[in-house]
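Next come two complexes, and both contain chain A; in the first it sits with chain B, in the second with chain C.
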Partner chain A sequence: MALAAGIGYTLLALGPAFALFVSVIAAKPLLVLFVLTSALIWLVSLIILSAFWRAFLPIGSSWLLVLLLVTCVSFQELIRPVFWFSYKKLEGLLNALAQRMSKPELKYYETMQIALAGGLGHGIAHAVFFCLSLLTPSFGKATFYVDSCKQMPLFLVAAMLSLSFLIIHTFSMIVAFNGYDDGKRSLVVFAPAMHFAAAFLSLVNLFQGGCMVGVPLVLVCAVGVICYCGKIVWAKVGDQDTAISMSNRANILS
Partner chain B sequence: MDHSGFVILACVLSWLTQSAIASFQSVPELEASMYKTVDGSACVRLLTLSGEIGCANPDRDKVLAPILRLRSASDTIDQISSVLLPFSELNAFLMRTLNEAAINAKVAGVLVESSSAVGASFPSSLSDDEKFPEAQFAPYQNTSHVWNPPGSGIINKRFNFPVYLLSDESTRIVQEAALGNQRRNFNYPMNVAEFDLVMQTTKVGTSTSEACLSASSCLPLGGYSVWSSLPPISSSSSKEIVLVITSMDSASIFRDTTLGADSPLSGLVALLASLDALANISSPENWNRQLVVAVFTGEAWGYLGSRQFLNQLSSGGSSVQGLDQSRIYQILEVGSVAQAMDNVFYAHFQNEGSAATVEILEALQVAATSLNSASAEVLVNNASDTNPGIPPSSLMPFVHANKSMSGVILTEFNSVYMNKYYHSSMDISGQINTSTIAVAASLVARTLYILASGQSNITSSVADLLTVNESLIEQLVSCLLTCNPGMSCDLVSGFITPSQTCPNHYVGVFTGDPSESPITENIDDTARFIWNFLANRTALTINGTDTGAIMDCSTGCSDSDQVCVGSTVEHKGVCVHSTTRYVPAYSTRLHYTASGWQTLPPSSTDVLGNVDPVYTESYWRVLGVRIFMKESSAFDTWILIMGMAITVVSFMTILSMKSAFKKRLKHA
Partner chain C sequence: MGDSILDFLGSEIVGIISPVSICMVLVVLLVKVLEIEVSDTVLTSVASLIYSEDSTDSDWTKFLGALINAGVFVLVVTVVTFLLVLLFYYRCTKCLRIYTALGAFTVLAYMGGSIAVMLIQELELPIDVITASIILYNFAVVGVLSVFFCRVPILVTQGYLVLVGTLVAFWFTSLPEWTTWVLLVAISLYDIIAVLTPGGPLNMLVQLAMTRDEEIPALIYEARPRIASGGRSTHLLRPRAHATRENQESLPMLNGDNAEELQRRIWKRRSTVTNEGNDSGWTFESLYAPLIERKEESRESAASSQIMSIMNSSVQEQGNTQFASQETMNEENPNVNAIDFVSEDVDGNTDTVEQSERTLLHQKASIQGLTAANLMDGRVLTDQKGNPGARDNSEVMQQHETLHQQTASMRALSAVNGTDMRMSSNQQENSDEESSIDDDEGIGLGASGAIKLGLGDFIFYSVLVGRAALFDMTTVYSSYMAIITGLGATLGLLAVWRRALPALPISIGLGLVFYFLTRFLMEPFILQFGGNLVFI
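Right, the complex of A and B next:
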């Protein structure tokens, strides 16, 4: 029953996003808004890029393909600090509002939740743009294998890549926010570096049989991003919140 | 990263992206490429009074199975498959499924390679019909004579799976798919064929003609026969009638690839060409006898046309007004003539003692002698007296109606059919000889002239007029028996707007009410062409000029003696004085009422109706096959499990991380 496969692929690509949304985001309306806004912004960025590159389709030469990847990743990474900067403005407004209402300002973990929401929006935008409509044929009876990948159906490759990028975008946004907040260069460079790395690793899929290497490699990137992000946040959570008053637990977000 | 790293990366990229990028413009385009629709001709479910015949999906669902290519009918089949067979092996394989239940269970559907595909082997003979076609209609007892040695009889057999004959292009596609399966050693993912040949009678559960007609899940086979008279019949005429008959339909198990080039269309072409020649003779109204031409349809499925014609005559139907059964003096039938060896034809006769029969045989001899020339001798031999009687022919119902009917059938064969592909999809134009048809046509023209005019020989001036030109024969063959130009040829499109370019001669189903005048949509292209051709050729001329007038006569001509010829989408028709009519062709066991078709009980007056199987064809919505690659259902289930597992694991991880961070926050 190919309906099972279609649902399976969709869960593969978006299951973690769904889990994140339900467990972390859904409880707080402002986070939901952030996810939606972020998704919209990143979708618009992808649409602008695709509108530009549409004129050059079909991509015949490999140089053009590399150039496409470079321009797209660079464009998105240029938007990231702008995204963070806009968030900072909003944070200022929220904190001012909190002060007027005699409520506490945004704490570190709340800021990280907002970063998570922003990253999740980015990941969902990527999934929607690159994967979701591609999965529509997988609900039918037929499957499809690309010539260069006889081992895995196209839909499986697309779902797994989408899953990897979702994880990469979600958690590298947290790292990036930490980097921008603290001005740490290694953290600031991390997000673009992982984005570029994953994008170029995905080119390995173009080799004959390369998908058996390329897809796991991108998954490894994703795992790397989670681990690094976890390490950063774990350390900061240990440091930061000692300074903040433990009595004031009222959450302006709830 | 240092520069050498970049260079290496660049070289690698330029090498790998040579051909790897698939170019689909959109997801719908991708989806469309995943499914390949194949085209061809289907074997459909027909029904008789005693049960079903033909092929169909076994129930309401589509049938799906991996494609397995067999080279011969006796190859083994390990699991349930869509079998791909060469055309030459089809009949043997189908008989095998009937005899071996184990094989039948493993066949989900059959795809037949085109007989004209690259590398196809030509069977030396092949016939879907019986060894004695329509034996129950013979006017004699000895039905063990084998007229059709290659006859397999599969046309009357029932198969519980769909059978589909592929076109040339589709044969290649399916062969590639089968090869792909073989290379993967029949492991998933496999290329499968999905058959959508679901029949209405299967869905409704009606399995005999009587049941399905009452449930309106089928329609009876039938169409419209055409008769014409030269000269047009005047009401006061009491002349004896010379009736010349032939048929226009053939049969095979694949409804859309039934050309019947030699049997019977070569006879039809010969007859039309001979009428064309006879029309050159002036003043046919001075002839001793009235010449009437009748072209029947449905003859391959129980002599529907000829039987209904006789029925209409005896009940005084309006479609046969002006004809009187008692005035029919003698009948000449033009059978298959294109494969006559060395211009030797055979005359099969009925009631040899009667003067009328003898007259026909003598006229044939005179005509043949007159055609003899230095280059070619034309012979008409009497058929062997070891034959049990007349061969399967439209003459049979006439004999049943009147035991003393005098009739002769002109054919290419003596005791055994010359046509090695009788009633099969291989009876195509490649195997007929147009010059032989031209000789037969001249033979028929001169014979009819002698019979109708009362002249006893062919004078040289008449001989010139009654020599059929081969170019007309070639035109008729290319129009009626090929797809290029097919029915869009000039000869046909001058008379009608055809509904399709590729001609086909399966009788089809009878749509509409037989008691009403037929509407264009209910008459097939061939019948409409014949009607127009005959009306045009038999039209009355005064001093060689047409008495017609060009006008928009699509709704009819004002004068009741006139008919509208050549009214098409592109140009207006001409009203001409001609007696040319359509006669409905359907089983005499059926009666049309307001609530649909009813099956009449057997009656003593309709002997042939009692042995008529009463063929009907089931309604169907689509007749399609598509090919695509499919995973095993286990794989699909695993994907679902993997997706659910990832989601569940994510949930659990997130929840544990949340509690870990909360604890850390508390401690910090």
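Right, the complex of A and C next:
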């Protein structure tokens, strides 16, 4: 049970990330570099946050915990536009390079792939630090229950929560990129909103037996993010297809 | 899609990050599985000759002891490197090569053997002693042959190099804690001094190798860039193969069945231009270097061409290439090192394959030069068996230091190699409008040539990560990220500065910083959240 449990929890948390990595990212080395970079950025932000809050730990009162949550999530959300800005600069460089190499410029789906890589980096870093670090004892022979959650082992809750956060991070990055590119307010606000929602929902876990409610709610958040992201991208690709076919038609007619 | 820019950039960096990551993962796994053994083993080595750390000592005593240990270690390494330079100066490359081979055999057989025994004990594997010894012996022999002497698929060579690095790094993680940290810092400082200052041994080695056009014998990991994974490379190769006559002439020289594989292992060069409007992309052209022109141009950089020829003979035994087999093909011409380089005559000058091979060798040599330097370091170290009171362990440790030295030099070499490649491509002055892709230095991506990283870098990165694993997995992840970042930064600097660079300082520095920050700041922060099942 021991090794299987450990591997099981790891795959639960990181399975989709691994699948995404192997299918989309591994083929293109530049995307791998993007994943590593965004993971590093997330790590640095976490270190800064922990440096700031170290003096106040351990936190007893729950109000302080809420404040901690708010500051952490806002800090991480501030990083998102910074990431987008630096990506824009890099995109200019990449397109110039593409021209010199007589390659086509970056298309929409490639931009989205880069956004996916960025979000995946965040998500993997989050999963690794918040879940995998907790999972080390699960490779042993026993399991562990937290006081406030007697129904599910700590590892299972951690794995499921980090799975949902991974999905949220990954796909809200795509939504955010779309939002920044198009300047649509609703998209830009969507990512932080969902992040806050998920973080606050996970606060439900503090209550006795709250994890039975909290974990499914966070998973619902994750599903919501995926659907919304899919809807946005589908619409945009559809628009582009229409635009291309219209221009083709115009060319033929003219 | 094969024609997007995303496919071409960054493959060298990923090509060097992957083996480093694999080495680190293996070391962490070994440390985790064999944790009890690691903390119990008292490692007798040069690094703990003077002071053996005791957990009952006060912090200050531990620190002083660690300083002394690290100082002794760096001193031994320096002395041995200078000896290596001396031997290289007197052209004792053969003995250096054989010595390195012996060292690698010892690592694989003895250290691999003890780790295997520990694993068998820990995991309770049912295996008998005769089978185990036969397997171990074969493993070690194949390793030495594949790295140094024979031509084998490059994956085998790379795999064995990574394994050697893993074994040595695992052994080093059993050093006492304070000694490990101070040692890492000391080695990084030594690396900077040895590679960047004019009087540093590694610098001298590199200069010697460059002026003589010799290869430095050393254990160096070479990341051969591939155009694309899977069958795509063949597609890219095919049009090119049919495009020029020269290619087809040179192709038959390669062993039939290996031709394709060899083509894949071609060094990526700057696009040289072809006026033939070949649309297979710059990568393919950049893979094929117009060696003929370079040969003439490289006369100007005598170093490169000289290094090439000499290095080829010595490097072949270094084993970081599989050129050895080619060597057998052309005994009288020591420079012939055909395999991985296929010359392409851009201007339509026909050239014999042999000549093109020579030019290939030339280019290779310049790159090899650096690596040779590293190896020399290692060799000298291992030569130095005059360690009084040497026990088996300390000899083995010597070899570790040797390897580590080698890797240090190799790192330097790789940096230089990259630069040398660029320099030689720069010299090529084809009046071609489709000028080479030389804008990638700006972003450090798509650099020319294969990146070489010394094995010592692998070892010390893995030692840091392994030591972090002895604390907790969070520190492992953050030090891993830091090391990879440092490696990327070093590669970027390599693209900008174009000279031999030490790969240790930035990565180790960042790794140490992140380790201590994580250990003292982030660990309680995460526990606060995770323990309450609150996620941010």
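Here, the second predicted complex is superposed on the first by the 240 of 254 C-alpha atoms of A that agree within 3 Å, B and C clash if a C-alpha of one lies under 4 Å from a C-alpha of the other, contacts with A are read in each partner's own complex, and residues count from 1 in each chain.
Note that in this section a residue touches a chain if its C-beta (ideal position, glycine included) is under 8 Å from a C-beta of that chain, and two chains touch if they have at least 3 such contacts.
None of these values were measured; they are calculated from a predicted model.
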item	value
Fit or clash - chain C, chain B, common chain A	fit
First (chain B), second (chain C), both or neither touched by A:Val32	second
First, second, both or neither for A:Ala142, with chain B first and chain C second	first
Which superposed partner A:Pro58 touches (first chain B, second chain C, both, neither)	both
Touching partner for A:Phe165 - first (chain B), second (chain C), both, neither	second
Contacts of A:Ile79 with chain B and chain C, given as first, second, both or neither	neither
Which superposed partner A:Ile7 touches (first chain B, second chain C, both, neither)	first
Which superposed partner A:Val220 touches (first chain B, second chain C, both, neither)	neither
Partner chain in contact with A:Met212 - chain B first, chain C second, else both or neither	neither
Which superposed partner A:Val189 touches (first chain B, second chain C, both, neither)	neither
Lowest C-alpha to C-alpha distance for chain C against chain B (Å)	5
Common ground on chain A, meaning residues reached by chain C in one complex and by chain B in the other	57-59, 65, 133-134, 136, 146, 148, 203, 206
Footprint of chain B on chain A - complex, ascending	1-2, 4-5, 7-12, 15-16, 18-20, 22-24, 57-63, 65-66, 109, 133-134, 136-137, 140-148, 153, 156, 163, 200, 203, 206-208, 210, 230, 233-234, 237-242
Chain C - residues contacting chain A, complex	3-11, 13-15, 17, 229, 271, 281-282, 434, 437, 439-440, 442-443, 445, 472-474, 477-478, 481, 484-485, 488, 514, 517-518, 520-522, 524-526, 528-536
Touching residues (chain side chain B, partner chain A) in the complex	9-10, 13-14, 16-23, 25, 27, 30-31, 34-35, 64, 189, 194, 628-631, 633, 635-644, 646-647, 650-651, 654-655, 657-658, 661, 664-665, 668
Contact footprint of chain C on chain A as seen in their complex	27-33, 36, 39-40, 43, 46-47, 49-51, 53-54, 57-59, 65, 69, 72-73, 76, 93-94, 96-98, 100-107, 110, 113-114, 125, 128-134, 136, 146, 148-149, 154, 157-158, 161-162, 165, 198-199, 202-203, 205-206, 211, 214, 218
